[in-house]
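Below you'll find a set of structures to go through.
Okay, so chain A shows up in both of these, paired with chain B first and chain C after.
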Partner chain A sequence: MSHDTHHAPVASKLDLAPERSDLGLIRPDRTTGWRDWLTTVDHKKIGVLYGAFAMMYFLIGGVEALAIRTQLIRPDNDFVTARMYNQLFTMHGTTMIFLGVMPLSAAFFNFLVPLQIGARDVAFPRLNAFSLWTFVFGAFVLNASWLFEFGHLAGWFNSFDWHKALVYTDFAPANGWFSYAPLSGTFGQADASLQAPRFTGVGTDFWIIGIQVLGIASLAASFNFICTIINMRAKGMTMMRLPVFTWMTLVTSFLIILAFPAITVALIELMFDRQFGANFFNPSAGGQPVLWQHLFWIFGHPEVYILVLPAMGIVSEILPTFSGKALFGYPIIVFSGAVIGFLGFAVWSHHMFTTGLGPVPTAAFALLTMAIAVPTGVKIFNWIGTLWGGRIRFTPPMVLALGFIWMFMCGGFSGVMHSSAPADSQQQDSYFVIAHFHYVLLGGVLLGLMAGLYFWFPKIFGRMPNAPLAYIASGLVILGFNMAFGPMHYLGLAGMPRRTHTYHAGNGWETWNYVSTIGAYILGAGVFLAFMNLVWTAFKGKKCASDPWGGRTMEWSLPSPVPEYNFAQSPIIASRDAYFEDKHGGRRIGYENDGGNAGVHMPSQSWMPLLAGAGFLFIGLGMPMMSMHVPHAGWLVITGLTVLFVGIWLWALEGPGGYMLKTPVAPSSSGQPAPAATTSAH
Partner chain B sequence: MSQAADAHDAPTSTGIDHKKLIMWLFLASDCMFFGTLISTHLLYRKLYPTGFTDAEGHQHFIQNLFNIELTSFSTFILLMSSFLMALAVSAMHKGEIKSFRRNVLGVIFFGLIFLGCQVFEFTHFYHQGLTIQNSVLGSTFYVLTGTHGTHVAIGVLWLVLLYFYSFTGKLGGHMGALDVEVAGLYWHFVDIVWIIIFTAVYLVEYLGPSGIWGSGLPVITK
Partner chain C sequence: MFSRFFSRAGLFAAPFLALLIAGCSKADYTVRQSTLDPKGPVAQIQYDVFMDTVWLVVVLFALVGGLMVYAVIRFRSRPGDDTAPIIEEGHGNPLVEIGLITASIGALVFIAVPTLSAIWYTDDVPAESVPASKLSAWYPRLEAGKEVYAKPLEEQVLEIDVIGKQWWFRFEYPQLGLTNDAKHSVPNEMVIPRGKAVRINLRSEDVIHSFWIPKIAGKVDLMPGRKNHMWIQANEVGHYYGQCAEFCGDSHAYMLFRCEVVEPEEFAKWVQRQKSDAAPVAPNTKAEKGKELFGAKTCAMCHNISGHYGAGAFAPDLTHIASRKSLAGAWLDNRDPKAQLAKEQSTKNTEQSVEVDRATLKANLIKWIGSSGVSTGADGKPTKDVKPGNRMHYYKMFNVVSLTETHQSFTADELDCLAEYLLTLK
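Then we have the complex of A and B:
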């Protein structure tokens, strides 16, 4: 049953003879164009797709944010209704977290991890494609709620009986990104159709199923990445030689697989409450809404680190490159990242200080929250230590990375203020909290991810972003960001509440809300400009060499764009920063005697991950439509489950396949590298 | 499938096969999944020691509902299915495909008995008045044990597919044994989770005169 013996190694996949899978269907290996993108199992293409979707959703989430800020530009404004405002801030938060930051991080994981560890792909290429398409369909389901909302506003559904029977007609999620029960849940007794009265419309059902599907995508991707990092390192690539970005990917992936089950269960319970009249969070039947808060934040707080650790990994790659120094305190940075991961599970109740947990838990969670500032601070000091005495080059990625350190620190400072329970009681649900987490997630994560985009775009596309434009965009982002969110500290302490669609004049909030909105416009222009520069770069940018920045990690040793087999010959690594040391004298990289005319084994492309993922589209649209009592919507769910099952089944039966690809031989570089002298080189 | 049929088969850094490693990772994740469900049940059980009120307004204690002999029997059956699963994996490692088929049929049969017992139990409880809608207990009990039952059902489906796949002749060698072993890991895990659920949901109700849940806690009756 050997597949690779059917064909001699080929120079290009287009030279392959058509090969049938175990099912008898022709494998889509020789496709080009859109078919190639839909069936690809190449981690680099999957990474690019993740990145493209993430940037699109960043812009959508950004438009939602600008609508919120426009509404708040002056007191008693009526730019949007209160009902629309609720949907806007909910979808803004949900979009930015689940459809913006997480997939953009996943884009980096996908593109970089195999390259950084000297592997030719991830452990499960088809599973990787499944994660991508599940994310795409989950994201679509979540945003399909907007289509229903617009249809409702346009009056398209008015003639339907199910629409007339709806009590609540908010079609987009409107509970906030945390969907607190009981607002998101039910009250009273279930009726004959097993449904209890609810507080909110089907938007919540869209949210439940959308997040559930996105969770499946994240879980599948994380299993894959942990497997890849633990099991597919090149020879000599020990754990303590892994680039920090790869380390942070590993920690993040562990956080995902251990934190997401809590939200999965919480969503199942909420779904049972809403769809089948269960009582998990129904206060009239004895359900405890505070349980939702616990379950949500047991997931939600690790989620914060899921968002921020990849950005920290990116910055830990960029700072050494543009300081011309090895990362200061590598083991401590790695260790701090792992400690942040562990502690991230022990601080969730600091989101709930005002629920009345009692003095002992409150004190314990306050202390643990303060403790988490220690490893974070350690990282900051190590980054400063990396910069110290270095030859700093202020390239666009470096400017953004420095911005990350500074802005993230500001967010950290206000974070430590929240950890004090009495202070938090004053700040709870005020704009101070908004200021805090936007400094962490925007000033921190977004700047870090943008730095990463500017840093690795030359590797991904072999083209250089326009530098002057990049500086202008970075300046606009940092300026606009501080103008938008700096004043919110003051507004929050002056008593302005979150999630309120307007405010009256005379509270002293007018000026700073105006400033904040202008800042948001500048920020929006900056992000848009930065993204347009990147899109332009991908297609039209000036071609550049394979290592334009003087990089340190293995991905820079490869041509740009990276060939589909990554490494023509598998590398053998002799030290941390092996590529950098190898470039500057020491022989730190050798190559195994593989590849060449014997070829490299490539995984076959497949339609099945896309098919299986498409099942979630039907499930995701069907469940909320069941809630709307749309006739026969249940069949949509059954269709979805069938498509999912058939997709996975055919996937199992088609066999992994694969073909051999010839690679260029570089005889001079093969053989064992000289061992690293000592770790003092770092 | 040949050893080199897939890039997965290249020697791994740890020496552990990718498929086995990813299954362990999935099980780690599933631990948190069931941990959350079991916690939900126990928290509510502690809060509401009185069980549930049926449609006629009668209070029911859960001990009166349980048929511990039946559940012990189905637990024993599930444990024995794990034993057969171990035999099936061992047979596959030795390349004894016929022995594998015999044992895996046994696992499927025992899994179906377990599921049958659960269906019987659910029906019985429903007729006794416990529904998903009428109490928190009903919600937590049915969702927790139902989720476990779904895991068992997926396991049975997986093994049925493996059983039929073995007749295509493609299930063999190292990769075949690995596929069976991974299914076995899943099956054993689902079994272990049941042992915990059986203890935490059923057995503890029988400790002391009225269970370990004691009194003196706020009791909310409708």
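Then we have the complex of A and C:
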């Protein structure tokens, strides 16, 4: 039986009175146009919005990267000033991590997790919308620093009194994405207005509040996904039948809720140092700069796995699909993902091997860092095991997934080299490290995410990406990437330190910096082409059937694009890869007797998440403006807090809402599925 | 079919492979700051451990990567394939999994052992003499004729305090009386005797910096509020290049330093010279006018010149500035750059050094002082500067004294006199 005919295309809303809140406010439901996008609580639309913003910031971060590489193309270059260079690498790192990779992963979480577990939405749809808008405003605050910077360079502020009081006039952050205190903090004694002298200007304040707001967005989203995955699974979807991508979402969400509190505390302490004359990190008042490093890296290292695990989940979905074969060693892939997450919290000090930890902690963290290579290696072995004995079809997502394994393997191997602390003391803060983590995060994560985009775009938009264009773009990305970052291994070993805006001729670094920059341009062209292909696909791509790749997981059982209620009837799952087995003879999917004329209960849309999130915009702009001594900027912060609390209050009062939606039902398919003969007890 | 696939894959892989091989063979492993050209025991053991990891990784990469390439080629779908879907759950194979995990752990032990021994070896000069026999048991590679590993004794250790500031290093030799308090500190160019173990005490007076001479030792950070240490030893005479490796603000890229390794008798002479005061300036010369300017323009408030001006303790000591091979945090080279480069290229030895070139030094002095003076722009805009953000004009932050701009700007003639004066300070 074809699953396409199972779902008739039209759903209709049951005629009920519009939902009213306790205050008599009418909640928007089923609106269209831009109001729909602003008030939506549909996980699929939120996913698309996350993806669109992430891709925009990828391009911004990419432009920053190209400016960095242009500056380094030859020795003693003056394409940008020293400070502008520092601002560029700070914002490049921050943008790529917090505004590029994390939201793009969140886009996949949002779109896929409910579909893969047979649910109709996430556990808290409005909280999901709140996460999105908080992210959007936090990202804007961070990048608003550029607007101030350009305004300052253009001389717009020169006539203002507050401008004259600034000792340092960097408006975009120039403290690095790691923002080490005391460079990001204060020194000496605070004066009567509780302000101590600082090493950097208000850019750091933009950075602090921006990251803080983004952390709130990530925390809210993670609690949401944990609740969704634990509680909203369809009948029969046991934990050990969850698709690996959903498993990795769960592990990532736990990493976020355990890691972000550390950076939250650190940011609050740093903010207190800068704004209120506290002395957490101020060495001249007895503070400990090394405390910042511990707090930052106990967040920062799990953050690496927060970035990597979703891409691993994506690859673990793509490889079985195009090998025509179930994932090799499913339980051990899941388990190794969890072990990586666990050990990820035990290796943070390998970022601090040169800070004088002493031999015992250095040895302990060196050994733990070596240990984390084992579960990572296990994943690679099992991916190869998945390919083994399969029938491998080459498609754009598959080629990129194979590219992911290859590049990630290179990055993993240079990571093993870093784990040896004595060798690392030569590599730390050199270009060797830049090569290492770009192989992991760009060659690894970005290729994985691009593979995921090509893989699920037909599901999201019902349209196929252009394959030849995808191959060309992938080829350019892989070629440009290796050309840009391969030589950096040598540059690092030849002693070129990171975060230096220029270098003299005569150190032997000229040739490979030149090659690297040309590679970066090729890489930029490839990424741009790939994104253009995706944008074109979303609007103009060739329409395709619901299951164009021969998928294995539940999302492929649904029409493309997926209807707003996801499943007309809730599915009952009888095995892992139920959809694939169901397609090929065995009856592994049944349907509950819900939906149909009785209707599916849909959540109402809401303005409140947007309103509450907007509070962070005012807070985020107000705090740095206070640091700039802009008169009355404090009121902006108070306004923001008011908007935030009013938004949450109205949100609470508008009640759960909801309306019923009639869905088409094919009666023959409801009932229990036959348990799969090949399925064992788990 | 098979060969066609190979040729296609080869077509794709060939440029990468060619680039890699060309790169590795073209690359110069002895450049100025190369970590692959160790000249002392600490850098040597770090290099040896690094090479252990390289060999491990190369073998693993060939195995795992080869397996993956084989799987992709061998199991690609072909037109004549069986079309029946493969329906079976992937449990994996416990023996394969356990075997591979065990093998991975075994491979890691291969690098863990040398890593641990090197961590303790590089941590500090040992407090007591260790018999060579005992030493070679713990550091197995110490025997094989590599005397560079020989552990020095505590009483033979030379102590050097390294103080990091934005953006220069100050070196003090407390055992030899060369300290800032004694008005004889050494900025940016440290000198050590060949073959002697040196304990480096690392201190910072503002933000975090990092001390790194790639050919002599890996880096250790200078943490404000903490007392870090490391030890180094250089076994070959030469001029070594170091650089701050921790991001420390605007001019981080300009925070470099030099390490001159000399024979012990040469070192003793150097110490004596450093302890001497500046010679009197000949009357009625440009230099004498420069000396007056040095006081009048408030340079002397921060800079010390023993024998002439003794108030400054904050900025680099200038008593022997004319004998230094670099200026402005070792960013400006006072040797004739062409002569130096030519010598390095002709002898393939980056540690060789030519002497200070008077004309180059003078040009550098004028460039450095001139740009720093005029860059206190009234509009607050950053101006083109040798070292943006340097404290020559950001003294304001430290509330030393509030000076007006006129105290710091120089006419071309005044700059010339000042440079002439500084050139007398050998």
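Rule of thumb we're sticking to: the second predicted complex is superposed on the first by the 657 of 682 C-alpha atoms of A that agree within 3 Å, B and C clash if a C-alpha of one lies under 4 Å from a C-alpha of the other, contacts with A are read in each partner's own complex, and residues count from 1 in each chain.
Basically, contacts are C-beta pairs under 8 Å (C-beta built on N, C-alpha and C of every residue); 3 or more make two chains touch, one makes a residue touch a chain.
Quantities reported herein were computed from a predicted structural model and do not represent experimental measurements.
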| item | value |
| --- | --- |
| Touched partner set for A:Lys542, first chain B, second chain C, both or neither | neither |
| Which superposed partner A:Leu183 touches (first chain B, second chain C, both, neither) | second |
| Which of chain B and chain C A:Thr264 touches, first, second, both or neither | first |
| Touched partner set for A:Gln288, first chain B, second chain C, both or neither | both |
| First (chain B), second (chain C), both or neither touched by A:Glu581 | second |
| First, second, both or neither for A:Leu479, with chain B first and chain C second | second |
| Chain B versus chain C as contact partner of A:His601, first or second or both or neither | first |
| Chain A residues touched by each partner, larger count belonging to chain B or chain C | C |
| Intersection of chain A interface sets (partners chain B, chain C) | 286-288 |
| Footprint of chain B on chain A - complex, ascending | 1-5, 22, 120-121, 123-125, 189-190, 194, 196, 219, 222-224, 226-227, 230-233, 237, 257-262, 264-266, 268-269, 272-273, 276-280, 285-288, 291, 295, 298, 601-603, 649, 652-653, 655-658 |
| Sites on chain B touched by chain A in the complex | 1-2, 4-8, 10, 12-14, 16, 18, 21-22, 25-26, 28-30, 32-33, 35-37, 40, 43-44, 47-48, 132-136, 138-140, 143, 147, 161, 165, 170, 220, 222 |
| Residues of chain C touching chain A in the complex | 12, 15-16, 19-20, 23, 26-29, 31-36, 43, 45-47, 49-50, 52-54, 56-57, 60-61, 64-65, 67-68, 71-72, 75-77, 81, 85-93, 96-97, 100-101, 104-105, 108, 111-112, 114-116, 118-123, 166, 202, 206-208, 210, 212, 214, 217-221, 223-226, 228-229, 241, 243-254, 331, 333, 337, 340-341, 344, 379-382, 384, 388-389, 396-397 |
| Chain C-facing residues of chain A, complex | 78, 81-83, 86, 155, 158, 163-164, 166-167, 169, 174, 176, 180, 182-183, 187, 197, 199-200, 283-284, 286-290, 320, 323-332, 354-356, 358-359, 362-363, 366-367, 370-371, 373-374, 377-378, 380-382, 384-394, 402, 405-406, 409-410, 413-414, 416-417, 419-430, 475, 479, 482-483, 486-487, 490, 493-504, 506-509, 511-512, 575-577, 580-581, 583-586, 678-680 |
